[in-house]
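The two complexes that follow have subunit A in common; it is paired with subunit B in the first and with subunit C in the second.
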Partner chain A sequence: MIEHTETKPKLGVRSFFQDERTRNLVWQFVFFIVIVLLVFMTMRNVIEALTERGMAPSFKFLSFSSGITIGETIIEFDSRSSNLRALMVGLLNTISISVLVILFSILFGFVVVLCRISSNWIVSHVAKAYIEIIRNIPLLMLLLVWYRAFFLQMPGIRNAIMFHKKVSESGDISASMMLSNRGLHLVWPIPRDSFHIYRFILLGALLVAIAVYIVSRLDYRKTGRKKPGLLWAFLSFVGVAGVGLICMIGNEPFSLQYPVLGKFNARGGLYVSSEWFSLFSGLVLYTSAFVAEALRAGIQGVSKGQMEAARALGLGHLRALRLVVIPQAKIVAIPPLTSIFLGVAKNTSLGVAIGFPDLFSITGTIINQTGRALEMILIVMAIYLSISGLTSIFMNWYNHKVQLVER
Partner chain B sequence: MNDLKNGQPFVEKRTPLSIVNMYILKNPILFWIKKNLFDTILSTILTIFSVWLLVKLLFGLIIPIISMNWTVIGDNLKLILTGSYPISQLWRAWLCVSYISLFGGASFGLASRKIPKAMVAILLLEGLLITLPFSGLAKFFLAANIVLSVAGFFLIRAFGKSKRLRIIVVAWIVFLPFAFICILGFTGQGGFWPVVATNYWGGLLLSLLIALTSIALSFPIGLLLALGRRSGLKFIKVVCTILIEVVRGVPLITILFIAYLIVPLALPKSMNPSVFIRAMIGIIMFHSAYMAEDFRGGLQGIPRTQYEAAASLNLSKAKTMILVILPQVFKRMIPVLVSRLTGIIKDTSLISIIGLLDMIGISSAIISNPKYMTSSPQVLFFMAVIYFVICYSISLASTKIEKNLGISTKQGASL
Partner chain C sequence: MKMKKTGIMLIALCMMFATAFEISAQAAKHGATLDAVKKRGYLIAGVNSSNAGWSYLKPDGTYEGFEVEFARAIAAAIFNDPAKVQYRPLTSKERFAALQSGEIDVLIRTATHTLTRDTDLSLNFTTPYFYDGQSFLVRKDLGVKKLEDLDGATIAVLTGSTGEITLSDVMAAKGLKYKPLLFESLDELKNAFFSGRADAWTSDKSSLAATAATYPNASDYMTLDMTVSKEPLAMAVRHGDDDWYDLVQWVLNAMIFAEEKDITSVNVSKVKSSTKDPEIQSFLGVKNQLGSLLGVSNDWAYNIIKKVGNYEEIFNKHLGPKTIFNIPRGLSQPWTKGGLMYSKTIFNIPRGLSQPWTKGGLMYSPPFK
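Right after this comes the complex of A and B.
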């Protein structure tokens, strides 16, 4: 016999708790109370402990003179500058090195993945060995090996490894590149007086490039035939700038400054410290292995039939890759690439281990100097979160742009 | 075939090249070499270039590295592997290794009937290590490990088929508490098994203990965070999402600094956690957030019909999760978890920055000794090799597991 139970709404405490919505509300309320209590107690403990040490939380110390010296600065800085400015120096170092690392590891990762998927056995296995070695060693270990076992073992500045070594009449030794345990000295163009004329030529070249790009876009709208507009724009920029340079021979806008060996150091040219160079090159090596794997996953995600169909249509291997496989692979590869690029800015914080003054290492120094651990950690977290946020907003936008429009 | 115009039989012109080609086609080895190394002109150039590069690498880098003076490793091996753990108590660390040998052998026995190549390689390596001039203790335990893993391999068959898997799973779950009690000790100083405080732990031992504990603890925390993030309860969802995203947005080193500098302030004064505990808190916080995202991916892979089927069986929400959804998620998560393990092992290298003496911390301690000042490359290379061997073997194992479980998603074509 089946009993039919009436589902009339009953009143009373029991039925009140049997209603799912009420139960959810109660659960959330309990959770809310627990969280609030937890946060409150933590805050109280922290503030009490800090006040006891005479360090009640405040951000005034940011404007005090920092008293630290920083080796590499993009903006002006000396030990009298404020803590806030020291933080800015660190932030700029972090951002500049991250951007360079990302650009170079895209390029290098692309080369690695081309080798990895090559049909040549040796090439593909060399690339595989590279990827596996890099991916299975901690980044910190890699940077330390790179810095201490390679860069610091370079010869001293007097015996530096030099390219295009020249000895002048007065006995000065100069070279276009000097590699020593001090770092890397490179020949570098320095603007001369006539550079202010050349500036206008550069501006003109930029305008021409923009015009070329706009024309190619308009042409694409009209005819539907896609042409490499960006490439053309770039070429026209280089062309105009180059012609300008040739016209100004005799009164060049730049002069090449060669590093000249001094007694204890080299002067002139572009100087890159071993810390900067080992962090940069170590991160490029590390990141490009991951970029290569992400790209390979993308390429392998494209079904084999696509390649065969493209080849059957008479496209060569490279054109089939460029026109058919890579556009599809890009869609698959972008989400993992996003997280790799987000990782780069965070990974620069390991510069602290080899003495590169990035955001985190300067934070550490300021904490040591002032003892303001809580405030500094809050600031640095906020900065990293905004970098991550901006990067992921940009990558999401790009991802949205390239995703297939499903019809 | 006949040439119709002339009425003459078709004769293939035998140029020297075609004879060579025919010879190559017949010989499988030569054919492979031709196809994989000299297929096109570009391929030939690449082959020559990479052989040149490899030769250059061998003579310019690998031979100089091998011919360095490696005595620093021999002198400091104990320090690198276990830090300042008392020498008289080293047998405890060896005991943990023996436990791994026994049940590792048993796990191999569960997986295959013949002794697999990987196990043979490990046994051979252990045999090789015995011949090196180590202490008597090390030799004894190495020999014991060989015996134990072979014994484990065959003993597991003595149990009924249904019991085998259960024994292995329980053994690995019990391993971590066992290792902790074994290494930490439980009697007073004079006793049989004296306590060794965590600040004596170091080297590889410390890294591995922190890594294993962190993965064991961040597994449940990550699961809770993931469930919270998918929960229908708005407030819980928001809190979990913020926690996950904040942790994922900052470098591990900031989380470690929070654990190192802020956590002692936030806790009541009576609790003063050691640096070891603080480092572990930091790593667990960090990896729980990442694990939560792994779980979220796993949960999203479960089709909605599974929930509907469970609901039609009148299972409650909790029961649906525990009985229907999570077992499927766990199975899918195995390869992800294994790669997360290598990630955690690699990340533990950062604890040296907050002053713990893991391998990297030990390396600076060794280098600061004037006797070994010039040997920093050897020390660092050796440690890098240790990390590589551990992480690479784990990732090989993970590929194998992925294949065995048949959950590989890699189907794409090689180009």
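Right after this comes the complex of A and C.
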């Protein structure tokens, strides 16, 4: 080896190209230059063409007042807020719904896959039919059917389905739950003045919960016996918070706000629009079918002998699944799950079809109002790329972690 | 060897890209559009595919409507054949980008002429072919009469329209709160609105009338008797090719002028052979060479009127009294005599300012001299 590298320079230019490693390096360098050149020329031509038409790319419009109103916002927004803030509203709507969809489709997908691999013929085949039907319907159609045929068919707001309906002396109608084609209005606790005291109780409860969790982990390390630490932590949080709440009776930290029927819409309480609910439930139905298949691939990838051995050791079916099969199935299922979750954030952009103001819908509005199509498309591409990138990084990290534990 | 080939191919590909962009960057020079259209053999017009009466795709794959007639008229002026048009269905979001990128030659798609679009989007607008205005469609039993009554309402609006921003402005100006419900497709919007998901639907009066007329329970709904915006609908072309802009503008002028002078597709041949009016003689190409100044044949205006019709003819054919939209033109009051001729029933698309100037409207064509 040493001899070889020492004699090489003497052989001159010809052997320089004959060395496969240098040749590969040269080709990679050339390829890199070509890519850079291509990107550069494309950019230059786009900018030149736009400048020639008097539309040189600029991002100043982002700070201008947007002049639009958005129906569903997590942060405060009105028509005087900037285009950038409008974009933020859309981003938060997209992210919040994506996260919820992912969480719920894992839960629901898990239930479906348990049914699918069940030894009960009917249960297994109902799950199979569900997976096959949902997976073979285009998502857009699923959303439209769901929205049109289910949510829009609910009674109008005047004839909403109400629970605990009350009519006040002034004739205002309120209820603890109103269900109409506008969505769901629910009674909701609103913090009152005394909430600033209750805050400390909540903080205390959180500290207690963390302490309980740490103690259970330490105990596990010492004794090797596993206890449901998270469950205990959660219960102690609820316990402390509950005791605090009882102590504060007479000066409650929350007041219950009931939705009141106005002239057009109901006001107050928690409101979930039918668009949000259609998109959310449609996506959960759709995604969970794919999640179920990915999980099934994982579970069936574990050799039958593992299950049989676990049963032979006296474990029940569910415990054998939980303790033996699923930890091994996870490793196989995570890569396909990653690509399913990557699709979720992108799939929320179909919300534009059913009137949900997600990132893509708001982008369209901004493009229409400012005419800055190229700039907005670039921004939105970058945003979706970052969301996918982050999801991917997280899933790869999790994948790596699970793999390590197994070794 | 194999690697070398890949490298060469990559470089070739890269050069191809560069040339392609170079070409597209050079579009829109003077007279270039007309030359390109002539060379191509047909006009490419950006239109709507689902706006009943205005521009819509028929089951047999052809386009029909008031706006489509203008594209036909331009084709008639250039090729003496109104069928030489390729229609591109565009959403309101796509329409300006399609024009800027050179994908279409002219945009005729209920586009409102606004300062921003004129300047920032680098477009040129003709004079309006229809003076429209935004209003609200509501259920009659809601008892809504004026804008203030809509405080707190959910209002459906098509995203990508001027209506979206006008709505936001007028509500903010009066300090009224509302929930917008934005849809990209008219079908989804109609579905949600007519099922009671929204309390009102805002759009141009012409569109409200055209769409509501096709709904079975149309009589349960009414358009509010007010207009919150001015919407001069005009044809648009790209900046940078004034010759093309001139042609499109004068095609519209020709149709308005023909109405003023009572020249119709029926009598145009007779008028051409018998008229003593020197302006009409120039107009129809009997004398002078007006067509050559526009880069088309001298009987261009004759061809438009003969093959497509004058403004009144195409208006009546698609939006007039004999259509389901049923616009009695005689009821329209000229704006100079006390208002802008806005009718009270949703079936009436007021001709309003779209009357010829001789009858008190604003449809004015410069003299053909």
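Criterion: the second predicted complex is superposed on the first by the 341 of 407 C-alpha atoms of A that agree within 3 Å, B and C clash if a C-alpha of one lies under 4 Å from a C-alpha of the other, contacts with A are read in each partner's own complex, and residues count from 1 in each chain.
Simple rule for what comes next: a contact is a pair of C-beta atoms (placed from the backbone, for glycine too) under 8 Å apart; a residue touches a chain by one contact, two chains touch by 3 or more.
If you're wondering where the values come from, they're calculated on a predicted model, not measured in any experiment.
Participant: Pick one for A:F31: touches subunit B only (first), subunit C only (second), both, or neither.
Facilitator: both
Participant: Check the residue A:N181 against both partner chains and state whether it touches subunit B (first), subunit C (second), both, or neither.
Facilitator: second
Participant: Applying the document's definition of touch, where does A:V46 land relative to subunit B and subunit C: first, second, both, or neither?
Facilitator: A:V46 sits against subunit B and subunit C alike.
Participant: If you stack the two complexes on chain A, which partner ends up touching A:F264: first (subunit B), second (subunit C), both, or neither?
Facilitator: It touches subunit C, and subunit B stays clear.
Participant: For A:G389, is the partner it touches subunit B (first), subunit C (second), both, or none of the two (neither)?
Facilitator: first
Participant: For A:V352, select first, second, both or neither according to whether it touches subunit B, subunit C, the two together, or no partner.
Facilitator: Touch status of A:V352: both partners.
Participant: By the touch definition at the top of the document, which applies to A:Q369: first (subunit B), second (subunit C), both, or neither?
Facilitator: The answer is second: A:Q369 touches subunit C but not subunit B.
Participant: Could you look at A:I68 and tell me whether it touches subunit B, subunit C, both or neither (first, second, both, neither)?
Facilitator: A:I68: touches subunit C, not subunit B.
Participant: Just subunit B (first), just subunit C (second), both, or neither: which does A:L235 touch?
Facilitator: Neither partner.
Participant: Where on subunit A do the contacts with subunit B and the contacts with subunit C coincide?
Facilitator: Touching subunit B and subunit C on subunit A: residues 27, 31, 42, 45-46, 49, 144, 148, 152-153, 352-353, 364, 367, 373.
Participant: Quick check on the complex: what are the subunit A residues that touch subunit C?
Facilitator: Touch list, subunit A to subunit C: 23, 27, 30-31, 34, 37-38, 41-42, 45-46, 48-49, 52-55, 67-71, 78-80, 144, 148, 152-153, 156-157, 181-182, 262-265, 267, 274-275, 352-355, 357, 361, 364-365, 367-371, 373.
Participant: Using the touch definition up top, name the residues of subunit B that touch subunit A in the complex.
Facilitator: Residue positions touching the partner: 36-37, 39, 43, 46-47, 50-51, 53-54, 232-236, 239, 246, 248-254, 257-258, 261-262, 265-269, 342, 345-347, 349-350, 352-353, 360, 363, 367, 376-377, 380-381, 383-384, 387-388, 391-392, 395, 410, 412-415.
Participant: Mind listing the subunit C positions that touch subunit A in their complex?
Facilitator: Answer in residue numbers: 3, 7, 10-11, 14, 17-18, 21-22, 24-25, 28, 92-93, 96-97, 100, 116-117, 120-122, 150-154, 156, 159-161, 164-165, 167-169, 171-172, 178-185, 188-189, 191-192, 195-197, 199, 238-240.
Participant: What does subunit A use to touch subunit B in their complex?
Facilitator: 24, 27-28, 31-32, 35, 42, 45-46, 49-50, 117-123, 126, 132-133, 135-142, 144-145, 148-149, 152-153, 297, 299-304, 307, 321, 325, 346-347, 349-350, 352-353, 360, 364, 367, 373-374, 377, 380-381, 384-385, 388-389
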